[in-house]
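Okay, structure first, notes after.
We just call them A, B and C in the order they show up, numbering each chain from 1.
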Amino acid sequence: MLETILVPQVGQDLTEAKIVALHVKLGDTVKRGDIVAEVESEKATFEVEAFANGVVTSLPYKVGDLATVLEPLVILESAGTAKPATVANPKPDTASAQKQTSSNEKISTETPVIENAPANGSVRSSPLARRIALANRLDIGHIAGSGPHRAVVVRDVEEAIAQSGGQALQLSAAASRLTLKTLKNGIGTPILLLHGFGGEIAAWRQLVMSVTTTNPMIAVDLPGHGSSPVAAKAGFVGLVDEVAATLRSLGGEFHLVGHSLGAAIAVALSAHAGIVVKSLTLIAPAGLGATINGNFISGFLSARSEAALAAQMRRLVYDSKNIPASLVGATFAARQASDIVQTQGQIAESLFEGSTQLFSIRNELVNFKGPCRVILGRRDIIIPPAETELAVPAHAALHRVEAGHMPFLEEAALVSRLIVQSVRSGE
Amino acid sequence: MAIESPKVNVPSKELLEKLFFTAYSIRVFETEGIKLYRQGLIRGYFHPYLGQEGIATGACAALSKGDYIASTHRGHGHCIAFGAEIKKMVAELLQKETGYCRGYGGSMHIADISTGNLGANGIVGAGTPLGVGAALAAQVRGSDAVTVTFTTDGATNNGTFLESLNLAAIWNLNFILVIENNQYAVSTPIGDSTRETDLYKRGTAIGVESHLVDGNDPLAVYDLMVEAVKKCRAGQGPILIEARTYRHMGHHVNDPGKYMPEDKLKYYKDRDPVDRARNDFIELGGATLAEIEVIERKIQDEFAAAVEFAKNSAEVSIEEFRQFAEAY
Amino acid sequence: MREIMYRDALREAIDEEMARNHEVFIIGEGIAERGGSYKVTEGLLAKYGAKRVRDTPIAEAGMIGVGVGAAIAGGRPIVEILYVDFAMLGMDMIVNQAAKFRLMTGGEGRVPFVMRSQGGTGGGVAAQHSQSLEALFYAIPGLRVVMPSTPADAKGLLKYSLRQQDPVIFLEHKHLYMTKGMVPDGEHIVEFGIGDIKREGKDVTMIAWSNMVPRTLEAAEALSKQGIEAEVIDPRTLVPLDKAMILESVAKTKRVVIVQEAVRRGGVASDIASIIQHEAFYDLDAPVEIVAGLDIPVPFNLALEKASVPQTDDIVAAALRTLHAPAHVQAAE
């Protein structure tokens, strides 16, 4: 075993000390308490004492040297060790350290993407006027301003919208197989929302209202959900590949917000080539623990009446009034109009076996180095939060909220704020 | 007033053993701590109590459960004498989660509220009003707890010294102010800081019973403190004690103290308080050298175990710190 | 509900908490027999005795320090400092001891210390008895800064101050002691960090505290006559600050005026403005307006004293600027 005696700290801010005496040479045997060297600071001379027994195997400095404080001064091999390990180079390799720093810098100098930047950047306007003009695809340069210095203020934009007949807009997802909806226009990297098993885009509407960033918000119907077709490949990987293809067609850089199965897909996407995930917000994520409430899955899928469906959906929340009747109604109506239950039954079979989840995204989450927040409902009876919590890596921020499996419905304000924080730290 | 050595009580062997145990524990903590500092295991500031061990040792031995102490920037000795756990102190100095203050406080801020240790203090003189406050809270509560503030000669020229001692006096608080007069304010000799170097006289000037004692004699400090505590509990507080002493080195771990005259340093080192406690234990308590050796070994082993404990302790969590900051 | 004076509301709070918790005591200059300069502690000596209601010498550093020490040792002190200007003598004890103690002890040590004091201009008491110093305390992490504007808030916040665990700087205003307001009967507590909408409106958010609240309400009435409905928010506690209430109001009105009696430079208003620009930038249709005192100590001459702090007309003008009212658009150019 090697014991390294360091050049001592001899002042609060001193980084160097002069070696004025070395009382040992290579091969000497040293006892605990022996004085092995003397070093001098600008104030005084200090003796350096050995704190272990051993044989001197390395002396990086000689008398007269200016030594760096807390670098090795004497290296001892303690008695009874079989074979000395190689003595580490005591001086740091500054060249390679610098190299590493500069390559790190390179990685982090990405310019943020600003979408829909106004044609005329020099127009004076209030921030609110600019935001509303952008959201309505109006060129702020063509609006006459009535504020100080002819700045465009919100009343001017409102007037312009009224004149243009109030156009709405849709995000066009070129070449995408899955259904996408822009829930909010804006500037910056889009926030992409991934719903859970059995859900659809509509699940997010309430949350979107309270997210206060300027970033656009886009939601997708997962394969076999809402109005999206089934995935080409079966199983969890099939779902992830299908969503990945759609995201690449959109430009490939996102803040991801996922719920339950959608959260697991979000994590898996972070490991996908061609997709840059700037932050992850995972709400009651699947794929971290092994357990899922199989009884709920089968009950949810086999509900024939609207009343049975409502009863099952109430299990998703802690306070049953948080499941609006309209959501139950819409889910029920969608089932009547298509064979979606059968499709989702097949998806469930490929993802879950009874009460066991057949996929895990724990490794991908450990490897994700961006900002990550995990939000768990303390009262979740679909995916046990205690089990998920154990699998959350240390670098992810964990938030427990008073909710069931749907914290984004039950604690919308809090979840919105956490999403905003994720997005801010990821920009 | 002459230096007092009342020795009114015949000291028991247990008491003498306790005094030696405490004084030697402080000595080991400081000498070994300095070595850890030199090797970079301890960072930041470190003000050793070397040479002053007799005061904390004698004073704290006279206190009971429920009493309070407040201390100074040179506070390790008071902590140990008041019963702190060595391993939690070392862990604090090594910036670990398991330290007294979770690594958030450091050498100058070790406190243990649960035992009545109101903490060391990085602001010279601040312990005096804080200690008077603790004594005031005790009086309001109807408790007979005594509060001892250890302060320094340097702090006696600070305004709060007069303000708070005067408050303790007008309210008859159970408060004992122990001035550790080590004769330097950092590096300025006491004669350059004040014209009257007999600091106990400042107490008499405002009607506070005041005494001078040899701070290098743990037993003398103890005897005087026993009397002072008794008087306080009988409603005759506050009391001021000037304990005269000298440091064995400069102000802090990186100050060689070249301004300290060699003959004076020798005078005080010849009257070393730890040697004094050891000799008292042998001569008055009849301890054998073998007994002494067992005690010394036990203390050294405890310190070594404390270092291992600290080294193996968890690092602080930055995420928890951020949460702490959010609610601060 | 009864209509009582601000100073009576404060006395009720202290009285009720002293009856409820025997650890609560109060020290200050001339507070016992005399009942305090503003009569807040009148009658408490007779009721609770000399152990719990104590006069002190004129020694602010000592008084504050002793209060902090008592709090650390589990007591419940109230230290009354006659003028907040005098608290400057005890700043070490507030800044280095009270505010830092919890951190220095790794979270274990708490300092349930309450310093009551009063600030602000009123009747020519001149530079060393008139300053508004909340920004100093606001800048020190660990302190709670409380500035009630009404009798009800004064009572509820003081009672809460005496039940929580952190050091509180409780700043009253010399001009408010004799003002009256409705106070609920029975137990009335106002927790920290919850602002109060003193007047609802949709056109502009006005944020004010302490004596600037009544003045801002006057300005809101004047604006109402011009058809402009101002929302007046009183955060009541500056630390912790009810950010959510402010941001919600800004999202509604898109315009903000912040009013403080303290000097403009380095003030709490500037910090609130910075929070708003960061968290509600795209809600804003006009620059955030700050109406504040001049960057100068308060002069003695009454006309100059008045000129050194915000008046109702200043607040009205600032609100009109945020609305881009035609006259103000021209003035800005």
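The rule is short, and it goes like this: contacts are C-beta pairs under 8 Å (C-beta built on N, C-alpha and C of every residue); 3 or more make two chains touch, one makes a residue touch a chain.
Everything quoted here is computed from the prediction, not taken from an experiment.
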Quiz prompt | Reference chain B; chain at largest CA-centroid distance | solution = A
Self-check item: Contact pairs, highest-scoring chain pair
Solution: B-C
Practice problem: Give, as an integer number of Å, the spacing between the C-alpha centres of chain C and chain A. | Solution: 40
Exercise. Could you give the separation in Å between the centres of chain A and chain B, each centre being the mean of its C-alpha atoms?
Key: 50
Practice problem: Provide the list of chain C residues touching at least two other chains, using ranges where the numbers run on. | Solution: none
Quiz item: Can you list the chain A residues touching chain B in their complex?
Solution: 5-6, 8-12, 41, 43-44, 46, 48-49, 51, 69-70, 394, 397
Quiz item: Taking the complex as given, what residues does chain A use to touch chain C?
Solution: 126-131, 146-149, 153-155, 212, 214
Practice problem: Provide the residue numbers of chain B that touch chain A in the complex, in ascending order. | Solution: 35, 37-40, 43, 45, 254-256, 258, 319
Practice problem: Within their complex, state which residues of chain C touch chain A. | Solution: 247, 251, 254, 279-286, 324, 328-329, 332-333
Exercise. Going by the contact rule at the top, pick out the chain C residues touching chain B in the complex.
Key: 22-23, 25, 51-52, 54, 56-57, 59, 61-75, 77, 92-93, 96-97, 101-109, 141-142
